[in-house]
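Two complexes follow with chain A in common, the first pairing it with chain B and the second with chain C.
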Partner chain A sequence: MSGIGSIGPHVAKPVAGGCLVVASLVLLPVVATSYQLGTLVVSMVFLLPALGLNLILGYTGMLSLAQMGFFGVGGYTSALLAMHFGTPFWLNFLAACVVPALVAIPLAIPALRLRHTSFVMCTIAFVFILESVSKNWVSVTRGDMGLSSVPRPRLGLWSGGFEVHTVVQYYYLGLLLCMLAVAALVAIVRSPAGRYMIAIREDEILAASVGGRTWHYRLAAFVLSAAFAGAGGSYYVHYITVISPTVFDPSYTNTVLVVVLGGGVGTISGPILGSVVFVALSEALRVAPELRMMIYGLILTVSVFAFPKGLIELLASVAKRAWPLRARRSHAD
Partner chain B sequence: MPTEPQTALSLRGVKKSFGPIVAVADVDLDIAAGGICGLIGPNGSGKSTLFDCCTGLVLPTAGRILAGPTDITGWEMARIARQERLFRSFQKAVVFRALSAEENLVLAGQMAAFPGLVSTFSFGPISRRRVRDLRARAGELLERVGLAHMRHAKAGEMSFGQQKLLQFASMLMPEPRIILLDEPFAGINPVLIQRIVDNIRMVNREGGVTFVIVEHNIDVLRELSHRLVVLSRGRILADGDPNDVIRDPRVVEAYLAG
Partner chain C sequence: MLQNLLTDGLVIGSVYALVSVGMTVILGVLGQINFAHGEYYMAGAFAAWWGIDRLGLSYVAAIPLALVIVAAISLAIGYAVMQRLVDVSFDAGIIATLGISLLLQNTATLLFGGTYQIFDGGWLEPVRVLGEDVAQQRVLIFVVTLAVFGGLEWLVRKSRFGKQMRAVAQNVECCHILGVDVRRVVLITFVLGTTLAALSGVLTAPIVMNVYGSMGEAITLKSFAVIVMGGMGNISGTLLAGWLLGIMESLVAGYVGLQFRDAVAFALLVLVLMWRPSGFFTTKARY
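Moving on, here comes the complex of A and B:
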């Protein structure tokens, strides 16, 4: 749980910790109810675009609010392929990563000329554009009605294969996809390109002065973040089996922002924790429907005051208190 | 083997204005390869702007800039750094604060170790070996500038003097040809100043690296540089042997007036 952007040789302990977490996640369906697993499936739906937001915001330093736009593009791509061509899930999923990334390129070329708030505004505008396209391109998207009875994920090489049906199966599929996505994010941020991205976040001019082709890496971060979002869209659309222009609603963007910022931006485990806590919290509060969003907002406010760097801070301080000696030693070596 | 070009950096009629304000009026300057050239002048005389023009941070309003035989006018900063191995330091933004000292150096060395854009996304064994080599070189350089004990410390937690030393070391990572230093001795203690001076001399003598140094500490600069150029109101006021230049009455006047 070391700080923002630390990339070092001390990975043995995180790896061991990661294995433990993965093992318990794999065994979770033994004890968890299907309702709880369903909540985790929703967490994972939001985790995928959140990982992309984390790459662009946490590691490259640009706030993009276009994530759920690309999420929608990925969702529509995946749904249309499955509905019209009956393609297997792996192909739909792949296309749902590639198509948003391709859509992101022409959007990024003008947007990346902008900085700070102007860039943020531009990314908000993308979502409006995509929403409008999804509403008006009726022959493909069926407009406001959206696409319904999207086939469930079919796990097979081409034809036939196993169809994901139960919530436990969705849970395992999501777990696999999220683990792949986390591995991809770790690989990106630890590569030399990731080092340039962190440099851009820290100081763009200084990054250029050490030979960083800043425009290229900002573009790469934007395009890759769109691919992560599209991956989430694919998983989402085959889970709820419908998609309509409401997917571009700002409330989804807000959830992704809360997951990343509330969890811990610029860390790997922050958004993972954030996706579980904040989505689960929102679900748990359904016991009091009238007060639900009020309590949610209060908890969010308090947690921002208590842990400005995200919930990951809480976890890190708990770990430090539990193993003070080890924490100190790992700091020294 | 091609012969080493005699001139490392040439400025031909370089002019830079920001709206009505003329920062650099008209500068012709040839920096000899392998030399240490000091650049002084009152505040606002255009020293930093001249550096900005040479490194591609700003586009000169008029004039050409050549690195050796290559015209680099209008090139982007990163391209000038990568292709011409021309680096600069900044007065304020010194290091990447969130990265460790070692990571700062690895980052600076990447442009030489990973020339292709696509190769930087690789995390395979070849990439990992290159990064390992960069770490080893970073270790040697940290040793050389006396920061070996800070290897894994966050750069943002180091003292300002240490950060400047680290910045200097980071410019040595990718085998530099020309280094432009913007006030390398400002705000740091004499012991660290001496350490930087020794390193500049060593790198210049052994590596043949050309230095251009902007600095207000004239005593240090007079001792260190082979040539001193004085800039005043965007023009070259005096140019020559450091000891002669400092006694030049026009220079004395410009400083008193400035």
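Moving on, here comes the complex of A and C:
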């Protein structure tokens, strides 16, 4: 294990590809309509919790369906701070990462004692408990009515500063946040801790046998995934400017699942691709939300048997078939 | 009031038990949680509503019609999906059945509209039971539940098929060697389990009075709580756990507040998973 940075050619290609993608995303508003940009903003809203789910499911091997619960907690935190204290966006955003992470700790203590199905059920129960809190803590969350006219994100050090209004501005804000989040995820999974999480995914008992405390790393994965989800909640609530207990609806969790599993679980680029493809798909099917959910259902069921590694793997195999052809041609030159 | 709440809880609990036992049997044999289980409950209620409202059938005729329709649906899904789940990991099973749940739920909404449909059927005349007026339908639910659980216990313990079910639950490889048709056992168990969920839906529809596409969602989640409390794969434990959940919900709704009723299942689920993950009624369980 000589450090991933020194491998060279293996890493050069994804880095070059990544730069190309980032450059084209930065330049996109020049050609895209505001409707298309709006769709991408929604994609990015789902990408943030999806990155968290990818960390816990793809790299640590625990299926947590609590992601959208933490998304909601982050959204409420960010909205309440902005409404009551008029704090700038960076502070709301940080708080929206920290508070769900703190909420996740006491929840993780019972949940992490469980494995397999029991763990999944327990995480579903969390979403309902959080929903119940948001519905019944009327003095803070205003119950079923929810919070409306949440301030738009204000980019400034403390007071004053620049307020994000147009779709293009939201797009660039989201792009910045998503790039930071992707960088954070890459840093986590490439760190020794991340490698240990992957070891837990492969075989928890074996991982424990080499001397690590698996419980600590599973806790870290759970808490970090909550922070990612909370980040998404913050971006979401300042974009939509309303939040109500419907944010805990299972359909959001299902969307995040489709993004991660349909895109490619356990890869960095998979959920990114998934968030664009599947959210754009859902926007195209806006006329009939039932149809969209039916297609999501089909994707989930079929993906388990047909492409368990997601869309990115399908693309990779297609590219591999095209690649040797081009390689041969360049040799001939 | 207390007695009223208790009978109410017992009837609702019977409904939960009837749905959950299907899930617990499928879990026991297949080793997979069926996340779409509540959708078969919904499908049962919807099929009966369709028979009554669109075909003009009576409630008595609508019951077998609904069961046949749901059995056909689950036979198709069993062939296409559930049989393949024997040898995939548990999270793949959860995701596949979650997909089916989305598919069924939204198909129903697309076919019959997103609004509540009024269920016009059932026997709602009161009868006196232990000095109290109870709707006939509620008595029927209670009696049918007892009969179904009796039948299931007989099936699993005494019949040849039950022996095969228990064999598959214990060791799939061994069943292959001994010539037990694992796929057939899985398929039949799945159809049986989902048809029980449908039966529960048909019998409950006259009490809840309206049917809608997403009515199964809450049922799936409550079934988790019931099968965990009952000890996963344990049949009579499921009945007791269903009654326990029903009675506790009804007491909380009566004395604490209606808005906390649905939280009971999840609070119980987390507590049981923490302190008694093998359920209340078993010494040994599969999970």
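Here, the second predicted complex is superposed on the first by the 294 of 333 C-alpha atoms of A that agree within 3 Å, B and C clash if a C-alpha of one lies under 4 Å from a C-alpha of the other, contacts with A are read in each partner's own complex, and residues count from 1 in each chain.
In this section, contacts are C-beta pairs under 8 Å (C-beta built on N, C-alpha and C of every residue); 3 or more make two chains touch, one makes a residue touch a chain.
Only a predicted model underlies this, so the values are computations on that prediction, with no experimental measurement involved.
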item: Touched partner set for A:213, first chain B, second chain C, both or neither; value: first
item: Which of chain B and chain C A:293 touches, first, second, both or neither; value: second
item: Touched partner set for A:125, first chain B, second chain C, both or neither; value: second
item: Per-residue contact with chain A, leading partner among chain C and chain B; value: C
item: Which of chain B and chain C A:114 touches, first, second, both or neither; value: second
item: Which superposed partner A:191 touches (first chain B, second chain C, both, neither); value: first
item: Which superposed partner A:309 touches (first chain B, second chain C, both, neither); value: neither
item: Partner chain(s) touched by A:257 [first = chain B, second = chain C, both, neither]; value: second
item: Contact footprint of chain B on chain A as seen in their complex; value: 3-8, 187-188, 190-193, 195-196, 198-199, 201-203, 205-214, 216, 220
item: Chain A partner contacts - residues on chain C that touch it in the complex; value: 27, 33, 81, 84, 88, 90-107, 109-110, 114, 213, 217, 221, 224-225, 228, 232, 259-260, 262-263, 266-267, 269-270, 273-274, 277, 287
item: Chain A-touching residues of chain B, taken from the complex the two chains share; value: 55, 57, 76-79, 81-82, 87-88, 90, 93, 95-100, 103, 106-108, 110-111, 113-114, 117, 119-123, 127, 131, 152, 154, 170, 174
item: In the complex with chain C, residue positions of chain A that touch it; value: 57, 63, 110, 113-114, 116-118, 120-122, 124-126, 128-129, 132, 135-136, 250, 254, 257, 261, 288, 290-291, 293-294, 296-305, 308
